[in-house]
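Sharing a structure below in structure tokens format, with a few things to ask.
The first chain written gets the first letter, and so on, giving A, B, C, D, E and F; residue counts start at 1 in each chain.
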Amino acid sequence: LMSEARKMSDTVEQYKFETLNVTRPREFVVQVEMNRPKKLNAMNRAFWRECRECFQRLSTDKDCRVVVLSAAGKVFTAGLDLTDMSEIAIISNPELDASRKAFMVRNTIRDYQETFTVIEKCSKPVIAAIHSACVGGGIDMTSACDIRYCTGDAWFQIKEVDVGLAADVGTLQRFPKIVGNDSLVRELCFTARKFYSDEAKQMGFVSRIFQDKEAMMGGALDVASLIASKSPVAVQGSKISLVYSRDHAVQEGLDHVGLWNQSMLQSEDVMKSVMASMEKKQPTFSKL
Amino acid sequence: LMSEARKMSDTVEQYKFETLNVTRPREFVVQVEMNRPKKLNAMNRAFWRECRECFQRLSTDKDCRVVVLSAAGKVFTAGLDLTDMSEIAIISNPELDASRKAFMVRNTIRDYQETFTVIEKCSKPVIAAIHSACVGGGIDMTSACDIRYCTGDAWFQIKEVDVGLAADVGTLQRFPKIVGNDSLVRELCFTARKFYSDEAKQMGFVSRIFQDKEAMMGGALDVASLIASKSPVAVQGSKISLVYSRDHAVQEGLDHVGLWNQSMLQSEDVMKSVMASMEKKQPTFSKL
Amino acid sequence: LMSEARKMSDTVEQYKFETLNVTRPREFVVQVEMNRPKKLNAMNRAFWRECRECFQRLSTDKDCRVVVLSAAGKVFTAGLDLTDMSEIAIISNPELDASRKAFMVRNTIRDYQETFTVIEKCSKPVIAAIHSACVGGGIDMTSACDIRYCTGDAWFQIKEVDVGLAADVGTLQRFPKIVGNDSLVRELCFTARKFYSDEAKQMGFVSRIFQDKEAMMGGALDVASLIASKSPVAVQGSKISLVYSRDHAVQEGLDHVGLWNQSMLQSEDVMKSVMASMEKKQPTFSKL
Amino acid sequence: LMSEARKMSDTVEQYKFETLNVTRPREFVVQVEMNRPKKLNAMNRAFWRECRECFQRLSTDKDCRVVVLSAAGKVFTAGLDLTDMSEIAIISNPELDASRKAFMVRNTIRDYQETFTVIEKCSKPVIAAIHSACVGGGIDMTSACDIRYCTGDAWFQIKEVDVGLAADVGTLQRFPKIVGNDSLVRELCFTARKFYSDEAKQMGFVSRIFQDKEAMMGGALDVASLIASKSPVAVQGSKISLVYSRDHAVQEGLDHVGLWNQSMLQSEDVMKSVMASMEKKQPTFSKL
Amino acid sequence: LMSEARKMSDTVEQYKFETLNVTRPREFVVQVEMNRPKKLNAMNRAFWRECRECFQRLSTDKDCRVVVLSAAGKVFTAGLDLTDMSEIAIISNPELDASRKAFMVRNTIRDYQETFTVIEKCSKPVIAAIHSACVGGGIDMTSACDIRYCTGDAWFQIKEVDVGLAADVGTLQRFPKIVGNDSLVRELCFTARKFYSDEAKQMGFVSRIFQDKEAMMGGALDVASLIASKSPVAVQGSKISLVYSRDHAVQEGLDHVGLWNQSMLQSEDVMKSVMASMEKKQPTFSKL
Amino acid sequence: LMSEARKMSDTVEQYKFETLNVTRPREFVVQVEMNRPKKLNAMNRAFWRECRECFQRLSTDKDCRVVVLSAAGKVFTAGLDLTDMSEIAIISNPELDASRKAFMVRNTIRDYQETFTVIEKCSKPVIAAIHSACVGGGIDMTSACDIRYCTGDAWFQIKEVDVGLAADVGTLQRFPKIVGNDSLVRELCFTARKFYSDEAKQMGFVSRIFQDKEAMMGGALDVASLIASKSPVAVQGSKISLVYSRDHAVQEGLDHVGLWNQSMLQSEDVMKSVMASMEKKQPTFSKL
């Protein structure tokens, strides 16, 4: 038991970051906390790199079955850190012509996009727990999560047009596929106006509002634990199939899950689940 | 008239099934009732086969313009019948290696998928009328229907993770394209928690809640009759175009309906409709 | 100033139409008003041609950054003008066989589709301001707009099945991708029943309801002015990316916006925006 | 041995057809011979039905690993049997309007298309051995096969324009994806001119020419036997991946084969192959 | 007869262009000749506009069933006219920032692309008859044609890299889908080296080589006449299906041609063809 | 000059690998040589990792404009090193159930696929120079290159079925899109028979055959130098567009290259090229 506990903390060792605080509050549940509270968790170069590394590791970490993403300090995130952006340096370089700048800008955008795409590709469900301000890049980031909860005082802003650019790290792609009110989506993208927790819930961007951050964290961890108690083969297969199916026709999604399950139905988890269900017991699943 | 009535009942003759009860409660309206009430309408091998046959026939039955899908007994359906599943036999066979099992499992999944895909491909609108429990395969099945109504006491459960597997007969593909709250969809898929009629309506899975089953059946049949009174060329073309367009880019959907209407606008139904509209009469349409 | 004003009215000169009234109520905001009030703004051959021309010009008009689409008279639109349709003449021509009719019908449908597709392709946001009846073609048209507002007395009807045909100018393609309640969408398409402002808002078809037309026009123009004050490079890039991403997988949308921004991040608007934001001033952007 | 032989002939019992002659000339090799020589193997209603059934059964027949498709009599096939076509009856029916005819015609075309698509979907490789005339539907049919051989006296004709219609059972879809000379493909489709074995080989439609039918049948059976000696898991997986990849982007094809091999690499055939290769022996594989 | 002849020449009246010479050398065959021989048929602004207009009209010209595209003077075409390009003016404009230039450049490219896409969308087959040099834009243009013939002295050059740009009006999209040697395609695109008639034929870019221009024009017109004698419903449907199928999966291509033929099989041309075939006569088809 | 030379050799410093030998034989040309001659350049774990790293670096190395890929020793490559494969260890692990093995196998396959996909994604053209045996993984690897040359004594073998598996690192996806003879492709995949340089050239897999390795290396380096002398903006844009267009419909490819060129036409290389062409000089281009 002791050695198991040590191993658990050891594992967290591999998640030492400047901008992120990574802990294991529950069995098989990892909490990733954005941790530059004095800078309002603004996204600087270190963040873009570390967030990508963090979720890449979580994706194959056998001790992680669910991730809760939250933020330290007064706000969730102020979005892009305008004082620490790679693009500005490239664009201002007088020695480069427009096409050479374009090649470099494109590489930078791809790196940033990849940071949030790894959240989507991470086969473990990611629950975003949002409090207070969630601005600009914060929308891009949480749109790549699976489930979004927020506090009553949370507010959101698709800020990019105010910086003179079309959002390019995910909001324009994922946000409209998450909610069911395209008229509102476009109003929010074109005006950069704030919207609040109730409007966010009504349009389907968040699925639960909690009274305060403490209640939210409790609620998020409870759902995380519930998910972590299920077969990881079943949960991760479900996420993979949901992401694939969002981007494909129904028949292609069916073919894909059929192909997936031709091996996954051979899992011991199916038998364990069926047995447990008959015996009215809680099954325990091997690591994955 | 007499012979017409006889013919109507004759036609129903072709719909004799063990697990389904098929009737014609209204002109051009067929009701398909799941009919294993003692087994909570659990989906056994006979059901997978019969349901497929039933909707294949309905698709070309000229006396059918709309289908109402309901269930006999206390609940709509308990989902998969775990005591009568082909996959279990395959997986437990010690003589087969993993790849040979995979080939067989894939064929079985395809057959099951096909059962609900024929509902979607059936060119006549299908209205699901759901009461009490609608669990597991019940979500897959009703997600392949066009319109979903339920009673106030209805509850739903995406049950598959509790059996150790990712849902593989349609829920993960169709359900998220039906509703506008992806955060909620994923929570429901990963936790297998129950949700109730009001939450189902709010997220757009069902579009009407009725007080009880009797009221619901009356309401569903009235809507069915209203649809059945319209030009079948118009209604079936609309369903075909809606299904195609869900899975394609807008421009491809427009090209498809343009190609469709290059023959369908030559229908006598257009003239009949225009005339009737001028004369303020109700038009009558030939069978299709 | 004088010459600027003259130039503004000069520009409007190019928008002289029989069926549309085009004005510039605010800086960079163009209002397109359907203007056959005695005919309930029914869509006749002149309308199909003029609407297409109008939005094609607006798409490259440097003095236009946002469009408000509204209607004169008692209702928004009664839809197709059945007394002035090209298809009827083709279908009734006894000299043509079914295939030759089909070739001609297809060309006509394509022209009509193109009329509303130019609204979608116009890179400037289009806000539809809908009062009273919005029927048939009105749904197709406003579904191609970006944002939809309506008055409390507004009502809607997907009317095509009542004319014996599947809607073929956009409703079946765009409407279901806008709202998050597919069960309701199909009920409305198959029954042609009316639905009202509150149901329209709840399902996400419109995003705001105003007390009356005057309040709505004020609200729509205010939002239009707000959008017009933002960087046109940012706003138009956002619309182009939203439209592209609706029709593509998330990764393809990300690649597209990355390619787009490899040139657009080199805009002077980015620098202006960042500077203005630091100086707490309102930036002014060059024409695009 | 005796019982094995009996079983082999027993199995052929299930392939009794009017228009096809099915035999097993080699171990694991099935020969399907079109067998209406007096009618030049013209494709009549019985053929469309039987050919579909035959390949559906072969697809899951564990004693079949490769199929050789050939024809009895003087020619391979004269194509469609114009004296026995369903479409003619539908089109000539004066009681149906154009839209109702269209519904029926579409169903007929789909059935015909399905007949050749089952050849493509059959997971066992199909080798077409073509002699003398291969006209119209013969091109559609052999284009759905995997490998095409012919005799020196073979000639081909994409005949459909001469019957007043665009080929609708596969030639226009599959033929251009098989060969590498689109200019020639279109000339052949628009002119319906004959082309001969050498031109067919040069453009890549056939991959070998044999002196006469006897030599060709020997050659085809030898290649079939060679394929039949390989791991059926490997061969069938290769066909499934080739067909999928033809219709998808490279990355999607890679994802698909990765998903496939996550179960198929667990096959005992891999170990057997590796061992046999080390021991310089010929491995023997279990049925699939 | 007289009036028919007059009408024929009347029709040609609508094809008066500066850069193109349009004639009707055979019944239902239109010849479009690039006609700036002193400028080596280089593509200037007038050409881009006129070529688009010409093929748009041909697409609905009932007297045209096939087009032969050729060139006057010593060479087929020298490609882009670098002295008359819109892009240069835009790029050199010092008042525009990189993003505003990008908006304008994109519109220009789209217009140029459209010029050759109308050749592909024109439902009548287009036969390119190429002599001597066919450089740069000439490859883009002829790649959008259906059939390519050339003289023995013809040579080709994918010239764009020598002007510092990636070809953007079709070569990189269409050329590799026409021929079956991707290694060679890329060598030609990256090196801009010349290739000659024999290499062009071997790789499948042209399908016939003629001794000289006169022989080629005779051969091209003979094939054109042969195509023009076939049912225009069949020929145009075949082209539309071939173009659609090149860009879609096989199953989508099959669905498309099935949808197309549900009206086109109702053509009188089918009956005429069948009758003519039985009576061994040559059928005559109505205009389309 | 001195420092430039030093920098050049410095740069090669970053390409120190166990299994690859990287040199710069010509200006802007990098040669990557497989360098395990004693093991017949069989692909072991080190190779899969190093090859990926090598091409990732080359992709952004400003001193590299073209890559020549060759092999040291007697043969090009014997393919997979069966004695050093990750999959074997996973599959043989008795502690894992079929689904957990599947998760691990899938990750391994993805890593291997990525190794060759980086060659395709590397924006610089890659020329494969193949001598003697090119087996199994060698086909997968060279299929991801742009141009393929070989010696007269070269032979090829799609070996995977002989190891009991469907090729899963690219052959089944890329090979059939490169050549124009699908009948031959399938024969080669199903039989694993050898094919020789002449057959490889005839089907379009290689585009040139050289007498011996020395002649081939000279020829490959000459073509590489020729490409390296062109505008890197033009060449890399062409590769990116060719790869994109292979996987998309023509219209999507056109939109993509239009978007690309909206920034790339603003390159100084266009002006330099036009000027140089007028002055009959050879232009020199800045690094990219």
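Odds and ends about this structure:
Operating definition for what follows: a residue touches a chain if its C-beta (ideal position, glycine included) is under 8 Å from a C-beta of that chain, and two chains touch if they have at least 3 such contacts.
None of the values given here were measured: they were computed from a predicted structure.
Legend: contact pairs of B-C compared by residue number with A-F, C-F or A-B; the interface matching in over half of them is A-B. Copies subunit A and subunit B of the same chain sequence form an interface built mainly from non-equivalent positions, shared numbers / all numbers used being under half.
Remark: subunit B and subunit D have CA centroids separated by 35 Å (rounded to whole angstrom).
Here the spacing of subunit A and subunit D, counted between their Cα centres, is 48 Å. Contact with two or more other chains is made by residues 98, 101-103, 177, 179-181, 203-204, 233, 246, 259-260, 262-264, 266-267, 269 of subunit C. Listed in rising order, the residues of subunit E touching subunit C in the complex are 60, 97-100, 102-103, 107, 233, 236, 263-264, 266-269, 286, 288. Residue ranges on subunit F touching subunit C, taken from their complex, read 256, 259-260, 262-263, 266.
Residues 82, 87, 91, 98, 101-103, 105-106, 109-110, 113, 117, 120, 160-170, 172-174, 176-177, 179-187, 189-193, 203-204, 246-248 of subunit A are the ones that touch subunit C when the two sit in their complex. Touching subunit B in their complex are the following residues of subunit A: 125, 146-148, 177-181, 203-207, 223, 226-227, 230-231, 233-235, 237-242, 245-246, 249-251, 253-254, 257-267, 269-274, 277, 283.
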